[in-house]
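Order as written gives the chain letters A, B, C and D; numbering starts at 1 within each chain.
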Amino acid sequence: DPALIFDLGGKFDKSFNEAAYNGAQRWTEETGGSYKELEMQSEAQREQALRRLAETGANPIVMTGFAFGNTLEEVAPDYPETKFVIIDAVVEQPNVKSIMFAEQEGSFLVGVLAAMASESKTVGFIGGMDVPLIRQFGCGYAQGVKHQEADAKILANMTGTTPAAWNDPVKGGELTKAQISQGADVVYAAAGGTGIGVLQAAADADILSIGVDSNQNHLHPGKVLTSMVKRVDNAVYDAFTAGENLETGAQVLGLAEGGVGYALDDNNKDLITEEMKTRVDEVSQQIQSGEIEVHDYYSDNTCPALSF
Amino acid sequence: MDFATIIQILDSAIRLMTPLLLACLAGLYSERSGVFDIGLEGKMLMAAFSSAAVAAVTGNPWLGLLAGIGGSMALAAIHGIASITFRGNQLIAGVAINFLASGLTILMGQRFFGLGGRTPSLTGEGRFGEITLPLADTLRNVPVLGRIYADLISGHSILVYVAFALVPLTWWVLFRTRFGLRLRAVGENPASVDTAGVSVTRLRFAAIAICGILCGLAGAYLATGLSAGFVKEMTAGRGFIALAALIFAKWRPWAALFSTFLFGLLEAIANRYPDLDMGLITVPSMFMNALPYILTVIILAGFVGRAIPPRAGGEPYVKER
Amino acid sequence: MDKMPKWADVILTPLISLILAMAISALVILAIGESPWMALKTMVTGALGSSYGWGFTLYYTTNFIFTGLAVAVAYHASLFNIGGEGQAMIGGLGVALICLALPWPHWGVALPAAMIGAALFGAAWAFIPAILQAKRGSHIVITTIMFNFIAAALLNYMLVNIMRPQGSQDPATARFPAGAHLPQLSEMAAMIGIEWGKNTPVNITFFIALIACVLVWLLIWRTRLGYEIRALGRSEPAALYAGISPVRITVIAMLISGGLAGLMAINNVMGEAERLVLNAVEGAGFIGIAVALMGRNHPFGVLLAALLFGFLYQGGGELALWTTIPRELIVVIQALVILFTGALDNMVRMPLERIFLALRKKGRA
Amino acid sequence: MTDKAKRPETASSPAIELRGISKSFGPVQANKNISFKVARGTVHGIIGENGAGKSTLMSILYGFYKPDSGEILVNGQPLNVTDSLTAIRAGIGMVFQHFKLVQNFTVLENIILGVEDGKLLRPSLAKARGVLKQLAAEYQLNVDPDETIEELSVGHQQRVEILKALYRQADILILDEPTGVLTPAEADHLFRILEGLKAEGKTIILITHKLREIMEITDNVSVMRRGEMVASVKTSETSPEQLAELMVGRKVLLNVKKSPAKPAQPVLEVRDLQLADDEGVQRLRNVSFDIHAGEIFGIAGVSGNGQTQLLELLGGYPEKGSTITGSIRMNGQELDLTGTRSDAATRRARGIGHIPEDRQSEGLIMDFAAWENSAFGYHHAAQYNSGLFMNNNAIQQDAQEKMERFDIRPRDPHLAARNFSGGNQQKIVVAREIERNPDLLLVGQPTRGVDIGAIEFIHKRIIELRDAGKAILLVSVELDEILALSDRIAVMFDGRIMGERLPSETTTGELGLLMAGVTDTERHDASEGIPPEAKHVQELPDEQAGGAG
């Protein structure tokens, strides 16, 4: 059986753990198969969980979150027969498949949409805990905005510096209001549970918001411009489907691979005009073809479009 | 900084300070009666959960509020039984309450709603809406004062007005009524109350019950006023900040208003200016985030001086050892 | 004269309290539709049933010993140090800076250096609240709470902007050099030919924690400094009368407290993760408060309470890992244990005292 | 408040009757089957050693403790005293040994606490203000109703306690060791008030350790020993010696004998000492004196006239923020007045021992065991240490021996200080300080609240130390004590030394005038025979201090 390990946020984190969970559920429903799942309780457990799962014969073992990288590096060689899949980090071992998402590309797209939807030409970004991953989101977004609207203003806030920053909808709402008061009329939240407060505050103030990770358009139909989806669910689904025959090696899932994108559904079809859709698809093509190069924050820890 | 920005920052400060103020006043009643309470966080959290849960199910924020108070009171009762009836360590009881709330809210949330501890989002009537005070819209055009009235004073949830009204009320209860006199006495010297023929136990339980109610309001405001539902651990340390504000205020109601406002204001400023560009260097966002805490320490060291807690605080009242 | 024999107070009361806590926990488990018996079995076997479980239990215990001792030492000077969390975080920073500074040839050299770093950084983080309390009367409870938040921000800044290796997206330092690898207990056991606790994080720091217990005990009850700390904690006017400087003792006690909290980093940062991650402390600083209070601020009590919490942590972790019981249940169980053994202990003690008194009267008659 | 008319007044029945009262605290039996009566309109004294059970018995009567068994009759009616409110309603008022006042409340607030009329304070306060004025006039019980308790002297605090009882219209007033904290003048004033109350038909129960007071004011007296009531007699039919013997169970010397002093070289030379506290109030003014080896230098004075500051300054721990000038020489060497080398540890190292005025908050750590306390302040001494560590065995051994020599009971070095009675706590302090054999011993209020047996013992030891050629500075508000022990007497008033007298050449009257701030020159104006009014004595220093500040 395959296995899935969620990182510390837990499987209902409204973010990518939850997306991974959804992928696994989909696989179960479609194949009728079963899988093991674990939620991390503490840092020290990572190794324990990996080894125990490997010893019980689970294969492949999928884990979400860069925090597993270091541990997997050590554990993987001890279980050459087992395949591991790590999402959001690169581990160079023969039996490991590393899946990275080009969050900057998806964020770039929603940035373009935000710039087009914005009347004030001021848009906002609200991150959760201030970590590089979230900066990657913010940076891609800012580039997209600037690409579309070179003199647009981008307001960016991080919620905090402790894990509490992922679960503070009150502060999320307050940051949103602060950005609204500075003119923002589209706000992109990459902040886990805090994002719920962001989307709520935006809906209350009748401005647009952008969800993240999974499709959050349904949370406030007609008020969420779109969501930057990161198809962790697909990655998990594919890994589970491939089973023990999984191909290892590093893989970056960007726009081209359908790993990231923007969500369009009944809830936001009135918000995304034909013009916007044409434009964003065009930009998407340009990114895929390399015509537009989206700067990767990780490459040099700087962002050309936004300062943190 | 223009006028509109100032109004916006103050407006934000008011919203951010309200839960702190309610929790701070809650702690004030409890600690003035001689029962130290580091369980404010837990009670708020429990109240946030139960109010959101009931409001989600019934669609009525008022029922939610009642449930919030109920949830917080249940924990207050535990605190009372442990620290008054059984003369246990008040601090330990508070720590236990924080853990209890943190676990139980998610456990119950998961059991009832299956959303990993969240409650369903509240919509429309399910939340406490913003109240527009009379004439707010007509007066908005009056320069300065009109703006202040319309944009700063008007337009908050009912619980904000309740919280502000509670400040003079608390002052009045504490310093102008029999109950307040006895409450203060029991926190300073319970034997004086006992020898006057008044029950120390009853007074302290009453104080703790009020503390429960106010924490209930605080939690309900977080979950059904400021946000639209419960998210695990959503109090995010506000109980501890409220406790700090209480000490800061030296256990006085008007000073509590001031100290919680200060915390709210500092946070609002940090929100508004996530990274301060100071010409040569840009203050990184992490430090802007920590700014409220750094400033608190500086103010505390520079201007506040020694805060003397109620003399009998922290000690169970024991006649016979 | 005591109302009941000391053994009853030290053993019987906590035992009955613990049983009560477990009974209520069982009810909670029943209420969420699971089997308490299975839960207990999972916890006990998971935490104590194998050398593997012990390896984890003792690892967590080690963390809690340090933070518990930190709270206890300050408490003896009647200082309520809520800042263990921040001090341990900054202690971790100290460890990381030292471990990464040099290509350490051997852990025997790296360990003392890292310990100094951990203790110094932790102590430094406690110093400002201490001096503000001593000189300005700023309430230590507030300042230490604030310093927890400030520490988190500082660590966040260091890991995201300064110490993160180029290209890594993980807000963590690079891995420490191999020479800074601390012997795991399993490796030490293997050296004498025993297979014990393979792949568990418990390491040599556990013994350092035990030594710390003994040293703290000596400090508090056998040295002049400890005597002065306790005297100041009980009565400041008396301390002045006896020529004990409140400022000096307040600062020293907090430095020791912060140093102990900082030393926790040897275990989790150097011993386990071998790099510094953002969330390294994981609330151990706060659990230290419960551990110290439950252990009655006595090093031996702290050791026992730390073991209990280590067991709960590991057993609970196992529970959440391998059963469908949500992990928050452990938090509830922890809460109940703290409540019954720490705050409701008199509920058990009072009837016990009455029983013993009656027994004694009978014995006399 | 109660309505007097409701109380049945059967002329023949006693005001109070206790039948078979027993009470244990855990294993300790504080009261054993006690029965006794107090006749209406009398002053009834209760005496007994520390820990005999007096306070417990009265607390039971007042409903503060619940008796294990027994019956209480008030005015002949059985009364089920479940709490203090029942007692208050039955007309019982009590002034506790340790006052039950709220320190940061005003006098008025303390008075109305528990008997407010109605839910709002304002009317109650207004009414109490009126009643207070009336009571003050009636009994000369003047206190400022708006002063907070912590600002008041102990004597005034006691007045507040009495006013509390009177405000509750108490008919039966219990006073537990009321004079322990009072100056002679204050005590005299109190007794005049009590006489007045008695004249009004009120019943008074008075607990005291001072036989002189018993003889002076009571009609009947009961003696308690080890939880039992061993005798109840008419005061006129007994004598101090007989009472002392009943109390202690053996003969006691009521006045210690001492030989004339043989003063030698000066040990302590104090010159022009000035001290202003952190609020700028001048507490010591130009204080100069010498103490020689082999003599006891007594300082008399109403408390609050700078004695405390003098002792603390000499002991090395003046209040934080004080400004100090002048000079102190010890054995010919100058002592630092400020800085790190002016602390208590340094003073001890110079050979200054100190029995502090307040044993409970300064002299002892109440939660420490007796043995730990026996090294307190000297814990750096070589004999208590070995290397890095304290030598606990040596300290315990030493404590055990001190307990033998000073007859400290119970003789258990491992018992916490708080579990000893006041007298024995004091002996622990005295033993510690005297046995260090200091060149100079500072002694503050050595026998406050201590019973007769212990007083005798402590006095003897102080004199022995003197005879061993040591210098002793004795500060006491008990004139009797000063007169009995001192070889020279100085009187302090408002931070000044008003004059020096030899005990053989002065009288209580003369000292009393000096204590009131009346100097030799003014003395001719003061009318002979009329002692200074107590209130005046008490309030003068405050006013002057305030004026200076």
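Odds and ends about this structure:
Everything below uses one rule, namely that a contact is a pair of C-beta atoms (placed from the backbone, for glycine too) under 8 Å apart; a residue touches a chain by one contact, two chains touch by 3 or more.
These are the chains along with the protein names UniProt gives them: B, C = ABC transporter permease; D = ABC transporter ATP-binding protein.
Not measured: the values here are computed from a predicted model.
Compared on C-beta pairs in contact, A-B and C-D come out with A-B as the pair having more. The mean-CA centres of subunit A and subunit B (ABC transporter permease) are about 34 angstrom from one another, to the nearest whole unit.
Inter-chain spacing, taken between the CA centroids of subunit A and subunit D, is 75 Å. Taking each chain's centre as the average of its CA atoms, subunit C (ABC transporter permease) and subunit D sit 46 Å apart. Separation between the centroids of subunit B (ABC transporter permease) and subunit C (ABC transporter permease), computed from CA atoms only, is 29 Å. Shared interface positions of subunit A, i.e. residues touching 2 or more other chains, are given as 10, 130, 161.
Residues of subunit B (ABC transporter permease) in contact with at least two other chains: 117, 237, 284, 286, 289-290.
Shown for subunit C (ABC transporter permease) are the residues in touch with two or more other chains, namely 149, 152-153, 156-157, 160-161, 330. A complete list of chain pairs in contact reads A-B, A-C, B-C, B-D, C-D. Those residues of subunit C (ABC transporter permease) lying in contact with subunit A across their complex are 56, 59-60, 149, 152-153, 155-157, 160-161, 164, 166-172, 175, 199-201, 268, 272-273, 275, 277-280, 282, 313, 316-317, 320-321, 327, 330.
Residues of subunit D touching subunit C (ABC transporter permease) in their complex: 26-28, 315-317, 340, 343-348, 354, 356, 358, 361-368, 372, 376-377, 379-380, 385, 388-390, 392.
Taken together, the subunit C (ABC transporter permease) residues at the contact with subunit D in this complex read 1, 3, 218, 222-224, 227-228, 230-231, 234-235, 237-238, 240-245, 353, 357, 360.
Contacts from subunit B (ABC transporter permease) toward subunit D in the complex involve residues 175-182, 184-185, 188-189, 191-199, 311, 319-321. Subunit B (ABC transporter permease) contributes residues 78, 81-83, 86-93, 95-100, 102-104, 106-107, 110-111, 117, 237, 240-241, 243-244, 247-248, 284, 286-287, 289-290, 293-294, 296-297, 300-302, 304-307 to its touches with subunit C (ABC transporter permease) in the complex.
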